[in-house]
Amino acid sequence: MKRLQDVEHHETEDLYYPTMCKVIGAKQITEMEKWYELEMPEGQSLGHGPGQFVEVSAFGIGEAPISISSSPSKNGKFELCIRQVGTLTNVLKNYETGDSMGIRGPFGKGFPMEKLFGKDILVVAGGIGLVPLRSLINYVLDNRKDFGRLIILYGAKTPSELLFTDELKMWKDRDDVELHVTVDQPDETWKGNTGVITTLIPSLDLKLNTTIAAITGPPVMYKFVVMSLKSKQLPDDQIYLSLERRMKCGVGKCGHCQINGVYCCQDGPVFNYVDIKPLEEAL
Amino acid sequence: MSRDLDIKVHHLTRVEGHGNIVVNMKDGVLEKAHLSIVEPPRFFEAMMKGRSFHEAAIITSRICGICSLGHQLTSLVATEDALGLEISEQTVLLRKLLIHGATLQSNILHAYFLAAPDFLNVGSVFPLIATHKDVVLRALRMKRLANDIGDIVSGRAVHPITPVPGGFSRIPEKAELLEIKRRLLEEALPDGLETIETMKALAGAIPQFERETEYISLKHPDEYALYEGDIFSSDTGALSVHNYLDVTNEFIVNHSTSKHAKYNRSSYFVGALARWNNNHAQLGEEAHAAAEAMGLKPNCFNPYMNTIAQVVEAVHCILDSVRIIDRLMEMGLKNEKPNQTPTRYGRGIGSNEVPRGILFHDYTYDNKGNIIKANCIIPTGQNLANIDDDMMKLVPEIINKTKEEITLNLEMLVRAYDPCISCSVHMLEVDFIE
Amino acid sequence: MECFSLLRSDVPALIDHLGDFGEVIAPHGKGDVSYSFEAVQDSCDVVLDYNRTLLPLKKMFLPPVEKLMGFSLKNESYEQVDVAITSRVFFGVHSYEMQSILRLDHSMLTGSAESNYFKRRQSSRFVGISFEPDEFHFSESVGIVIEEMEGFDLFLNEVDGDFQLYVLTENGQEMLNGFDKINITEPEIVEGRHFKKKIRYHYNRLPRVFQYAYHSEVWADVASRCVGCGACTLTCPTCFCFDVQDEVEVTAEDGIRQRSWDSCMLSTFAEVAGGENFREKTINRTRHRLYRKFKYITDEEGLPWCVGCGRCTAFCPAGISMPDIVNELIQEDEKAQYHRTVRV
Amino acid sequence: MKPQVAFFDFTSCEGCQLNKLNFENDLLDILKHVDIVEFREAMDDKADHYDIAFIEGSITSPSCVERIHDIRRRSDVLVALGSCAVNGGVNAMKNLHPIDEVRETVYGEDKYLFATLPAMAVSSVVKVDYEVRGCPMTQQDFLKLLIALVLGKQPPKYGSPVCVECKLKENECLYNRGMVCLGPITRGGCDAVCPSFGQFCTGCRGILDNPNIDGMLEVMTSHGISLDEAKKRMLLYNSNEVQL
């Protein structure tokens, strides 16, 4: 048990003060999602790893956890992509280049990159789940020779909800990326796959001993993706999932994000499947 | 001059609730002049059926937000009468303090925000913020203090919390009351004197109109009656509140969702002017000086002067509140629990003077303490017949004025009564046909 | 460990004396039948015999509502809040309460150590007092006896109406300097102070019970009675969940960000935008509450995270009892074990 | 341009309107953000279009229905103020009795003189965008909504019971004093004002989503009131919301 006398004053932190970061780029990329590029003040670096998140705030409105969408390779600058679903996110919709956002973080455990080096990476992203996984994808692409195959499965409800379409095209065109996109409800223009994301899994040809899966998506998605991967005999400890919970502090204090005994914000949001398999509240 | 006149003021503004003024004159003969109450009926008496004595005052205070305290206290008095609940002197004093606060706030609101715009020829108090900022700020300050009395003693000024059957659910702190006293003396009193000056200046605009009528209010042996007493009629004298039905004689007219009342004549007057006429002798020097300054004399028959009587009462409330607080301090505040153990079950009647006049609540309880029968008679209802009678006399007297002036005079007349018609709606439509 | 005798009638003098070491905070009567920790105005108002305060002492370190920063909307800037370090002496604290503060230390200082909490905590001293357990206390069952003195600087043990004053730390020693109404004495053991409420197992065995209790029938029964008011968690000394809100002034120019205690028993606690609720049913929430007390942290730290103060039980309008739930789980576990053995 | 706001009252005590007139300290600040274009209780003016229409009171007659439709057509945002407007409030108690009996109690044989409908929430007639609960609504709550609308954010929703605020204020729970209180299932946001002043919560802010009604009745009856009494208490403000 941690005791008062074990702690020195300088080890304590003002945990709740944000750093004001300038928006240096902003673009509404779908009807519901807006992309932002931000810059840390005075050339500081955010120093994040793929899969980590920040707490974004606007004074008078509130704070919300948002994944860092860019690869750590970009120094001093980072990107977010925010879906407009509630109080804060709807106000952030109006933020443009030149405005400032309050940023705390980075928080949480991202993908354990040391375990991913040299492996085949299977990214499974549902909807907005592509946002945190994009930091991983771009990191892999920036350090392409350190990894094996990069397989990206991406599903959205409709073609108009697909995020980062420019990048999707780029990935599609690269021969070192295997991209499979599907939509639940196609429109007239849609020529690709149709159906939920799990329909993409059975035909995959995976090298079981070297493949690491990284999954993010809406709550309902995880169970089915994990089931499909398991039916392909992918070992449990090679599956990573990034989970979403309500969060207020990001630093393991407010209690909202608990999944049974673990804190999504500190022990996650990226979890190894083995660690959360026994947790009834996880999936 | 024989003239056709058809006035319809649809949803009179700056009154509490919804009423229309309807005047109809054909060939110089006045056929109709009345205030028609169009507020949807709320059926309070019916809602009260079967409710426990703990809830009666909570429900009845919702009859009217502006007189919620009056309803609440009157309801409590009726309940206590019905159930034989004795209350302490401290409870009575705190209740009187509350009535003063409520009367002060209501009278000030009416004088400054609802009546004054008429005298200054503007549609509302909002333009006055630009032209008479100090006056508006003074009014807000007085209202704030009056409301703070309510907030501190009763939990909140609108729909009070602490007054419960048998006493108070929370007794205010000594320091809170002393702070109120300080503000009464240091803020409210000077503001009250300024108010007299302001009203004196406006009093010139008060129409000269008189109609002698019957004035009914409470009368108390020891003080200017606001909390309890006997019913007093300027025509026939005193009688017990238990005989209130002999006075009110409610009847239904088809132009009003609110019932009308009459006693010795076709109508009677309740409210500040009736209290002034019946009880002015019990007011202190300062109040009399205020009355004199504003031209209010005893036995005043000009209904427009009701607003002035309200300002006189405001002065009384400020000073009497100080006396009450002194008395409470002298006695020492006790953390009393409300007495809620009934000693009998049956019928009880409560009556208090609320800002707009005498109010009656009448409950009958079964032996579980649930209401079998309830009756509430509100001041505005009692005044309606009197307003109609005033209009019938007023319209012929001012028939040579322009249509706008007549309408304004009628609206001002109705507003002078400070009517509180529980109802709803918005627009002002004046149809004039000559 | 030194021990002094102190007359009950001299306790106010001691409280006055302690005022030299900071603001003294002690139990006072509140309402009809309740108590609360308040700053002492008159040492004679301090209550020495009380069952429990409405809110735990936690409120002094992690305030129910706390300003985190002030901000200006116009300038997109904020102002830090200075948590002034004022020395405080907490007087008349029960052993379970002290233990709850030690647990709270762990919660607020592990991982990221929170500076506000640390500052308030560092500048405080504690004077304990013994108590007569009522029908709700069960701290003995979670390993905390009445005379547990860990964490205190001084401890008052009632003996025949008067007190024995134990000096436990250097700070405690210092606090008695110049106070002459005490006499050195031999410590005595007080007999006959018993806990009326007990958990049937030693707390060491509880994590095992909870290991198998996840799908117990007990939860549904409790959930059917629970009205979801949150009283249990809001009054619990070891709960620390909070919510954060921004409040803006009428001018719409300035405002504050503040946090306030929250409760995992509230239906909205784990709800997110879009309507997903990760603990939607009362049964999920009740279970989570008890697992927080007896399993999750306990597995890591080896101690129950409930200190047996009985608040959650005494203040639950539905009369839901923490030790009763645990005892029911134990009983169920025993039955299950019996069936397992019989079958073999 | 500042938003044009208007206030309308339907069947109610007008206590909520009065509470607005009681903003002595904040009135001038409020007027910096909005233009009040219609407010029958305080002014003569009227307008054709409103950015925000605030509605007080229940819908209780055919003419109310007509009028609220008219207001809705002319308003961008419509806010229900106070429990009468939000869920029918005390007015809805009359819905518990047969309507003819209700009319007869008040008007005797003239009972058919005035049209009446069951007391309805505004939202059961037209779309309501936001609500400010309470009887009366509190000034603070109203200001929060107004500021939120000015800042373009969602007004607070209040998903926690009154007990939360009551506990944060360290009130002695009325149940511990032998009284019965509706705080556990009543939507908070009032700062637990009634219990703080020693009086039981009457449920004026409405019942929380997914309440445990049976549990609550059990709590109330186990604290000394009859089931019948407990039900009546629960329905005081919530006759339209709770089916017993």
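Every chain is named by a letter (A, B, C and D) in the order it is written, and numbering of its residues begins at 1.
Going forward, a residue touches a chain if its C-beta (ideal position, glycine included) is under 8 Å from a C-beta of that chain, and two chains touch if they have at least 3 such contacts.
For clarity, every value in this text was computed on a predicted model and none was experimentally measured.
Under the touch definition stated at the top, chain B and chain C share these contacting partners: D. Counting C-beta pairs in contact across B-D and across A-D shows that the higher total falls to B-D. Farthest from chain D in terms of Cα centroid separation is A.
Per-chain CA centroids place chain B at a distance of 25 Å from chain D. We define each chain's centre as the mean of its Cα atoms; on that basis chain A and chain D are separated by 42 Å.
Look at where the CA atoms of chain A average out and do the same for chain B: the two points lie 65 Å apart.
Per-chain Cα centroids separate chain A from chain C by 38 Å.
Chain contacts: chain B has no residue touching two or more partner chains. Counting only residues that touch two or more partner chains, chain A has 60-61, 86.
Touching of two or more other chains is recorded for residues 73, 245, 248, 252, 271 of chain C. Because contacts link the chains in a way that matches no line, ring, star or complete pattern, their graph is best described as other.
Interface of chain D with chain C (complex): residues 26, 29-30, 32-33, 143-144, 147, 150-151, 156, 159-161, 163-164, 167-173, 175-177, 181, 183-185, 208-212, 214-216, 218-219, 222-223. Remark: chain C residues 30-34, 36, 54-55, 59, 64-65, 73, 224-231, 234-235, 245, 247-252, 260-261, 263, 266-268, 271, 282, 314-315, 317-319 touch chain D in the complex. Those residues of chain B lying in contact with chain D across their complex are 11, 13-18, 39-47, 49-52, 54-55, 58-59, 62-66, 68, 109, 113-114, 117, 123-126, 129, 140-141, 143-144, 147, 154-159, 161-162, 164, 168-170, 252, 254, 257, 422-428. Across the complex, chain C is touched by residues 1-4, 6-7, 9, 11-18, 20, 57, 59-63, 85-86, 89, 99-100, 102, 219, 244-246, 248-249, 251-256, 258-261, 266, 280-281 of chain A.
For chain C in complex with chain A, the residues that touch the partner chain are 68-69, 71-73, 76-78, 80, 102-103, 105-116, 118-119, 121-122, 214, 240-246, 248, 252, 255, 257, 259, 262, 264, 269-274, 276, 278-279, 284, 288, 291, 295-297, 299, 301, 303.
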